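Presented sequentially are two complexes of subunit A, the first with subunit B as partner and the second with subunit C.
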Partner chain A sequence: MGTIKAVFDYTLREHLRHKVWLGCALFGLVMVASALLASALARDERARVMLDLGLAANEAIALVSVVFLTVHLILQEVESRAVFLILTHPVKRSNYLLGRFLGTLAAVGLGMGAMGLAHWALLRLLGWPVEGSYLLAWSCSLAKIAIMGALSLFLSLALTSEAAAMSFSVFFWMLGHFSAEMRFLAQKSGNALLGAAITAFSHAAPDFAHFNYRDAWHAGVPDPGWALAAAVYALAYCGACLALAAQVFDQKEF
Partner chain B sequence: MNALSFKHVGKMYRRSHLGRVSETVGLDGLDLDVRQGEVFGLLGLNGSGKTTAIKLLMGLHLPTKGAVSVLGRSVPDIEILARIGYAPEAAYLNRSLTGRENLRLFAALSRLPATGREERVTDMLKDVGLAHAADKRLSEYSKGMLQRASLAQALIHDPELIVMDEPVTGLDPLAIKEVRALILWLKGKGKTVLFSSHDISEVEKVCDRIGILSGGRLARVMAQDEWRGKPDALEDAFAASVKRTDGVGEIRLG
Partner chain C sequence: MRPLAAAAAFAAAALASGAAMSARAREFPSLSELPATPFTLQDASLASFGLRAAAADLAWVQMLQYVGASLPGLPADRPGRPYDHLLTLALRVARLDPSFHRSYLYAAGILGWFRGVDRPEEAVALLQEGIRRDPGEPLYALYLAALAYKQKGETDRMIALLESAFEDPRTPSQMKTILANARKARGEYAQALALWERILETPRDQAQHARARLQIAQLKRLMHPASPLPSPPR
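Then we have the complex of A and B:
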């Protein structure tokens, strides 16, 4: 536990000193620009546009940050050979990976938190009627980002090419929003083998339908079972990706 | 008693590119024992297997055949790393952290108890002459300062065995003198020191014994009395023992 915390601390510090806060600055610019645009719309739609635009921008910026950071997370340390010194201390490779992942997630989460707070404050300023839970919508985005971080980390270690890992991460991000459609396609394919392959692929790719709280925003806060299922899915998917990443990382020689 | 031991150790590097597999010999049946409390120098040309032997020792590589044991335990073994200090040929440290933060990290990774850890970090920074730059980021350090920071991380947990890979390469004469004094000081404290070098004059000043590596094999072991007071004895033995394996011919004069 002590080694995970030590790796977590230095990873978080490293990110905060580097790039993550640029994401917040970018988000601030997007928010100001969108506020100007939104003000041109009808008064009663203004808050709604700001809500959707803000949540989507927060998620998109966090996605870019987390994919970029996790893809470079280990490969850059291997390239700079900083990993030599870490792994020549009594540190399990899986603990090192977990510390690095959690540190990165915390850095991106902090950025998302700062962006979320700015967004929420702007919404209140615009007189946004509180119907659903902003915190729940934000948490759903964070869960998606955590999944993408774990998946990108695994892909970076399995493919050992940053460009390939980033491309596949973006591919899985898009695929993750069409899981139900893929399973529908599998049913309609008419070929058992193809259907089974598509179904298997749809389960291997992340299923972001679990986190579609924004679609049901106006229905208010959903039942706790829904949130629990989403949390369990996110933890299980992250755990599986990290276990695979640790397996790949264990085989590597430096 | 032996501090470390290589028994018939072989290491083969396999690389495949576009379906073509190439193999390079790193070590070829290395047998070597280093006694506790001695300073042992590994001498050899580039590609002779010095760094490979050290990486096997530190668990960064796995042997293709044979066995390596350190302080009575077979490696790779994470627990034994808490009793070894490793200083690589260049300071592979995270440049976004300060000198103090780096040492804190390695103190925690080496499982130094939290109580007294901060004092140990401060003392070590003083010992290596970096107290004045402790809170500067490593990106602002000179090469000599980085080398000192690297030595500090290797010694922070007061290890029994210190492994140094090319510790004097690229250092100025004053720094070389300091490293030499450090090695002798460690010996005086009863530590075992293993270091690799190209520099015969340096090795003969501090080592109790040396091993000459050539083509991944131990070509010769010499004790101090075989070269002390005999000018050129070590250089002649070295020249007679090694064979170039890098395909480079001799320089022809005249």
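Then we have the complex of A and C:
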């Protein structure tokens, strides 16, 4: 536990010193632009457009940050040989991996928190009531980002190429939002084998289509059972990816 | 626990919780149900990046643009059919996000009540889709009833019904102007004036405030011919 915390601390410090806060500045610009756009074009739906664009921008910037950071997270340390210094200490490889992942997630989460707070404050300042749970929408975005972080960490170790890992991460992100369509295709395929293959693939990709409270916000309050299942799903999916990443990392020879 | 065994246990938990989650989640219409428009690629791209609500917002803005002037990329309206593509554009918004109440109501208002448009069957189709995909919104049924009164020529009952929803925050401001104009066309200037004044007092109807000022001045002049002429809205 102590080693995980030590790795977590230094990872968080490293990220805060470097890149994550640039995302916030970018988000600020996007938010102001979206506010202007909303005011000028959306007429009766100014609040809705402002809300949706702000949440979407928050998630998009967090996605870019987390994929970029986690793909480089271990590979760069291997390349620069900094990883040898750490692993010569009594640090288990899986603990090192977990500490690095959690530190990165915390840094991106802090950035998302700052962006969310600014967005929420701007909505309140403009006098547009936020109906529904902003915190739930933000938490779902954070959980999606955590899943993508774990998945891209695993992909970076398994593929050992940053470009390939980033491409596959984006591919899985898009596939995740098509999970409902993939199951529909599996039902309509007419071929049991093909249907089973598509279903298996749709389960292997993260199920973001049913996870996205941000998109379902305007339909009202979700079922509490859904929120609980979504939380367990996010933890389990992250756990599976991290365990696979630990397996690959354990087998690596430096 | 070995990492592979842990991964298998986590994967099993993810499968079980994923099934529970998808069973309780809100289903969106499949992308194949989107009406064919020149913007299908834009909609599919945004949806694939998980930005379905934002795609619906963009589609809404494009629909407003079409109603206000014209939308580049869309074929011109057929002669004698103003707002020819409005139903398609409203269905596009509604199928991207079925809970976009105002899209159904706004387009149904134009199709059912705008002078020179008069395609109530399209308004009915849109409102019925709203009832099916977005249950729990009472204004769809109210608008359907108002359309039925209109088709039967029972204008008094239609106006009374629509006025009962005048203060509802979900009522599009454009529908309020339709109602005020209906009063004016019937020579009921005092009632029309009261409606325009309510529009002017409502911050969320800001888009119609300039028009409301002009109409209020015109109605006052009609009611009291000695009143000065209004200045055009800026």
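In this text, the second predicted complex is superposed on the first by the 243 of 254 C-alpha atoms of A that agree within 3 Å, B and C clash if a C-alpha of one lies under 4 Å from a C-alpha of the other, contacts with A are read in each partner's own complex, and residues count from 1 in each chain.
The rule is simple: a contact is a pair of C-beta atoms (placed from the backbone, for glycine too) under 8 Å apart; a residue touches a chain by one contact, two chains touch by 3 or more.
Predicted, not measured: the structure shown is a model, and the values here were computed from it.
With both structures placed on the common chain, the touch criterion links A:Leu126 to neither subunit B nor subunit C. In the superposition on chain A, no contact is made by A:Leu110 with either subunit B or subunit C. Looking at the shared chain after the overlay, A:Leu26 reaches neither subunit B nor subunit C. Look at A:Leu159: by the touch rule set out above, it reaches neither subunit B nor subunit C. In the superposition on chain A, A:Ala118 makes contact with neither subunit B nor subunit C. Contacts of A:Ala6 after superposition on the shared chain: subunit B is touched, whereas subunit C is not.
In the overlay built on the shared chain, the residue A:Ala230 is in contact with subunit C alone; subunit B does not reach it.
Looking at the superposition, the partner that touches the larger set of subunit A residues, subunit B or subunit C, turns out to be C. Of the two partner chains placed by superposition, only subunit C is touched by A:Glu45; subunit B is not. Shared interface residues of subunit A (contacting subunit B in one complex, subunit C in the other): none.
Interface residues of subunit B, counted against subunit A in their complex, comprise 55, 58-62, 78-79, 81-82, 84, 86, 88, 90, 92-94, 96-97, 101, 105-106, 108-111, 150, 153.
Remark: subunit A residues 41-45, 48-49, 52-53, 56, 59-60, 94, 144, 173-174, 176-181, 184, 203, 207-212, 214-220, 222-223, 225-226, 229-230, 232-233, 235-237, 239-240, 243-244, 246-247, 250 touch subunit C in the complex.
Touching subunit B in their complex are the following residues of subunit A: 2-3, 5-7, 9-10, 13-14, 17-18, 80-92, 253-254.
Those residues of subunit C lying in contact with subunit A across their complex are 2-4, 6-7, 10-11, 13-15, 17-18, 20-22, 24-28, 30-32, 47-54, 56-57, 60-61, 64-65, 97-100, 102, 106, 134, 136, 172-173, 204-205, 207.
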